[in-house]
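Both complexes below contain chain A, partnered by chain B and then by chain C.
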Partner chain A sequence: MIRLYDYELSGNCYKIRLLCGFLGLAYTSVPIEFHPGRAHKGADFLRINPLGQLPVIDDDGFVLRDAQAILTYLAARYDPARTWYPVSDARLLGEVGQWLAFADSITATASAARLHDSFFHDLDVDAARAGAHRLFRILDAHLWFAEQEGRIWLCPAPQPTIADIACFPYVILSEEGGIFLQDYPAIRRWCDRVKRIPGFVPMPGVFPAGPGLPPPLTAGSV
Partner chain B sequence: MTERRCTDPVILNQWHPLHPADQMEATRVTRTILLEEPLCHALDANGAPLVWPSAGSAPRLDGSQPSPLPARLAYGFLWACLGTPPDDLFPFPETAEPDRRNLATGTFGVHVSAGRAIENFLDMGHFPFVHTGILGEEPHTEVKEYDVEIASTRDEVLATRCRFYQPKAAASSTSGAEVEYIYRVPHINCAILYKSSPNDLERRDAIALFVQPVGPEQVIAHTFMSVLDNDSSDTGIRLFQQTIFGQDKPILENQFPRRLPLAPRAETPIRADKSSIAYRRWLSSKGLTYGVIPAVAE
Partner chain C sequence: MLNAPFDLWFPIASSSDLAPRHVFHAQLFGQEYAAWRADDGYVNLWENRCLHRGVRLSIGINDGAELKCQYHGWRYANRTAGCTYIPAHPADAPARTICNNKFPVAEAHGMIWTRPDGRTDAPPPLLSEPLSDDAIVLRPLPVNAPSELAAEVLLTYRFHPEGDNSSAAVTASRVAPFTVSLTSEAGGHTARLTLFVQPVDLGRTIIRGWLSGVTTPAVPLLQAHDAGLQVLRDRCEALARALPRPEATAPVYPPVPAELADLPATARSGGAAALRVTVSRKWPVAQGVMAFELRPLRGILPTSQPGAHIDVTLPNGLVRQYSLVNAPGETAHWVIGVKRETPSGGGSACLHDVVREGDVLAVSAPRNNFPLRQDASMTTFIAGGIGLTPLLAMAQTLHHRGLPFALHAFAASPAHLAFADRIAALRPHSRTHFGRTPDETATDLKDLLAGYAPGRHVYICGPGPMLETARRIAADLGWPDAAVHFEYFKNTTPLDLSSTFEISLARSALTLTVPPGRSILDVLRDNGVEVPSSCGQGACGTCAVALLEGEALHQDVYLNAGDRRANHTILTCVSRAVSPCLVLDV
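What follows is the complex of A and B.
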């Protein structure tokens, strides 16, 4: 079975748990205590990932690090419908790659601000917040224009892709870093849609969608 | 007397938690903030705690620290005071029982007032909705009748006979059970809950929340446990507690107002709030003004 080196409060680890939830893929979680234990910087874990970063998976001896890389591998290998990582559509695949890189920028800003406020990491939190707002304005505009064309996911496909999974955690957790989402209505609607994908799993700080009507746009609903 | 940014003597003259003791190393200096005052702390070569106002320059432990503050190690944490502290910290005798495991289970920054953090800790009503599948689950949402009083033995709020159905009450639980709680609030920013231990029916596990007020609407929440559990690993117990706290954090940060209102009937009371009403009244009787919206006497 897939082993996931995991920390429950990590948004990057959550990306992998989300995809496994959506795919109905079983895995074993191996907890690595990021805070306060700093086990990800300990000798045992550095042998698994010399970068000292979570998550890492071990799939039957195949060891892979980096949340975005793991998403591409798991989706390419375990999604029989080939919709989460659409390898046969070059343009769509390119757009997925573009938003995976965008997710890394969200990690460098919104996640950094959360690490500062919640876990006391020493960094320039004002710069991190400003960077996150810049990205969120771009994301909100992108999602708003997509909605005008009847699309509800980040990439122009009827189904969600791993790009949605990669961008979701540190957007939804951003308020823990003092970055508030009230000025990004299209982002908030998109977050609600992600939460309604069958197989969605919450994490501490991320709650399931409330009761109530599903979002108005249902084109290509999953 | 030194000028302080916070001018409320009720909170200045308390011991406040600053850091988990097991994460301090001799002679390593760490910075923190207490009541808006930047501080440095360290253990000296003999393991004695030292806390002093940070002057903004690179902190060094070279014997030239300006005016050290009262400091002590207790219940797994470093404590300090910016004013005149009471002689003793509150009693927490369970931590001295030889067969218990005492451990700091996680420290988190939260954008909320200390009073709101303590109040949430006392509230059983949120268990099924926030700690779903762990500390509560629907349809077991009823908060049964319980007792709240100011303890006869010392000045602290005490809630007893609190009962609640919990699917997974502790790291070592294997099934759901009705769990009995006792809550103590022995300090304006600290609370301890005692719950029936899955490993010893006669005794109780203790879980504590020690809140360090950084500012009126910002805190560092330190969690601590003193448990009868020989099986779970330290990491297992800490991760369980971090899951719980991670679920509370967004609830705390969405409280409005962030300061705790002390006026009677500021928010509609329901049974789950009985301990919260007693806590607010108790804070009000002390004349606390920092981090709260005081009741206006007119």
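What follows is the complex of A and C.
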């Protein structure tokens, strides 16, 4: 059984919970009190991850840290369809990697602003918000042009990839850091689509979407 | 405050922004909107706050027929914006006055438009210059700068008609407030760009645009303009940073209208046939049953809820009540089903024989005395004959929401089954029972009502004897009164109108005598006290008032046994007093 060192309000831990939900993968959550206990900086946890960061997984003794790294490992190992992390398609894999790095930039900006507003971290929140807006403008334009070409996910594949999972949490939670999504309509539509992937799980601050359009009726189905 | 031309139409979204089952967050002059497209294609543009606690509706759920607030789940109907359900009050029908603020909305040239002055009768949006049919809509570009500044900077935009980097002859002008028109000519090609600067508030703008006269594939050209306009956006924002920062525009909220803020001075009589509707379609839906589709002469119909009925004033002066068959979100018209009664009291015969398509009828706003709970673990609907109509509206609602239910429609034969298409669409949750004798019906009902468990509810509507049987069986099988909901077509109880008694009106400070042969309602109306009423025979519940003291002689078929024991309510059209005096909360 996979053990996930987890914090309920962490967007990075949420990435792992999302992928497990989509893959139907069972795991045990080991809560680490990030706030206010700062247990992730305590001696016990530093022995698991010297960086003092969440999440970490322990898959039968194989210990791995970093949300994006864990996504690639779990998808490569446990997705029988090989669509979440498409290892056999070099270009697509490259694009996935590009958006995983982009997700790290979102963490450095949008998540930082949320840490300032909601967890009282001392940092330059104006710079964090401005940085998030720069990224969201790029993301919104990317998604708008993808829609023009009939694509609905971050990478040019018919199915979502771990790139969508990696970017989603701190985008949808950004309003908790004073970064409003009103100016990013294509991002808002993409968030609806992510929420409608079968197996989606919410977290505090993330509401589930309503049902999507039912499939068109075919002759004889009534 | 802004000195803005509020009598213009402003684009506030691209048509493609209103994706199916999505809620778009728009803003103009500081006013926020929730914009959403229902499954029937209708575009709703509402103030972006739930009437209840002010939460933004743009984070709510568009289920294709209704918008559900994310906070406490209040549901608002497509088109009418009226509240259809309040989860915290599952047994009550929301008041018709609970209705979100709506704004005028039009869809044209691939965009969604509104008018800040709120005028809905204005002509549709026109651009200051005609737009060719092949015009393509650019990606909207938000800019953190005032729209006036953005318009000035856009005049400096230079582009090639085919999107490449070579030079072209470009002319640019302000053709209207908020509108910049540019033409580019090169190598015999001419492309025109019409740009609109949407004032989000005093310091924010969205650049929207149309490109016409292009021959190259759209996406590379759209990308070229996007890149070119982004350069101008950055220049705009740099200029805006040097300006004094404008205050965010505060939206102006109209004061709550007096009729909502105050207690009503005098109640309006419930029979008021305030609406005029056209019979847009009349068609047979079963042997002896005609369906009528009613559309408003102008504007939109008021909100209805599943189980609601309307009073229809007929050409011969009679007034009859008919339940609405409408499914959630089906708000452009009402549908009623009318069975020809034999012998007819004049109502059904008039609708069948006299009323034609195109006729205008006077009807009341919908009234819901048969509200549907939407929190049951299982809901069973038992419909006899034309009693199907309110239950069909209810079943369609639960079906749309994916809540568990079973609809059992009893009819003499398949030819007697009304609205068979709607019933079929509810399969496998709908079942038909044909040609059952009273004894067989009782056997069926025992099966259907077996195994009561808390959380189950049953709704029954049909002929009197079937209703009596169903209610008796439900009681025998342990169903509590609160879980058995019913509606009679008519009251067949023999009425005793012989007594004389006093009524004391606690609010009106009047004491009146009700003589033999007159009802409480008659005496109230004779003395200028208005109480709404509808059927006049103790079946619909519209004329119910609170009973504060005294013992009532209930002669209606609306209240259940528990209501009667509680002795808190009396139907003033048929019920009377056992005690010498009744104190009413009127």
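Structural remarks
The working rule: the second predicted complex is superposed on the first by the 210 of 222 C-alpha atoms of A that agree within 3 Å, B and C clash if a C-alpha of one lies under 4 Å from a C-alpha of the other, contacts with A are read in each partner's own complex, and residues count from 1 in each chain.
In the analysis below, a residue touches a chain if its C-beta (ideal position, glycine included) is under 8 Å from a C-beta of that chain, and two chains touch if they have at least 3 such contacts.
Since this is a predicted model, take the numbers as computed values, not measurements.
Applying the stated contact rule after C-alpha superposition, one finds that A:66 touches neither chain B nor chain C. Once the two complexes are overlaid on the shared chain, A:203 sits against chain B while remaining clear of chain C.
In the superposed model, A:58 lies in contact with neither chain B nor chain C. By the touch criterion stated above, A:119 is placed in contact with chain B alone, chain C being left untouched. Of the two partner chains placed by the overlay, neither chain B nor chain C lies in contact with A:89.
By the touch criterion defined above, A:31 reaches chain B but does not reach chain C.
Of the two partner chains placed by the overlay, only chain C lies in contact with A:145; chain B stays clear of it.
Residues common to the contacts of chain A with chain B and with chain C across the two structures: 207. Of all the residues in chain A, the ones that touch chain C in their complex are 141, 144-145, 147-149, 181-183, 185, 188-189, 192, 207, 209-213, 222. Chain contact summary for the complex, chain B toward chain A: residues 20, 23, 104, 106-111, 220, 235-236, 238-239, 242-247, 249-250, 253. Contact residues of chain A toward chain B in the complex are 8-9, 31, 33, 35-37, 39, 117-120, 175-176, 178, 203-205, 207.
Taken in their complex, chain C has these residues touching chain A: 13, 16-17, 19-22, 24-25, 27, 39, 58-59, 61-64, 68, 70, 139-140, 142, 206, 218-219, 222-223, 226, 402, 424-425, 427.
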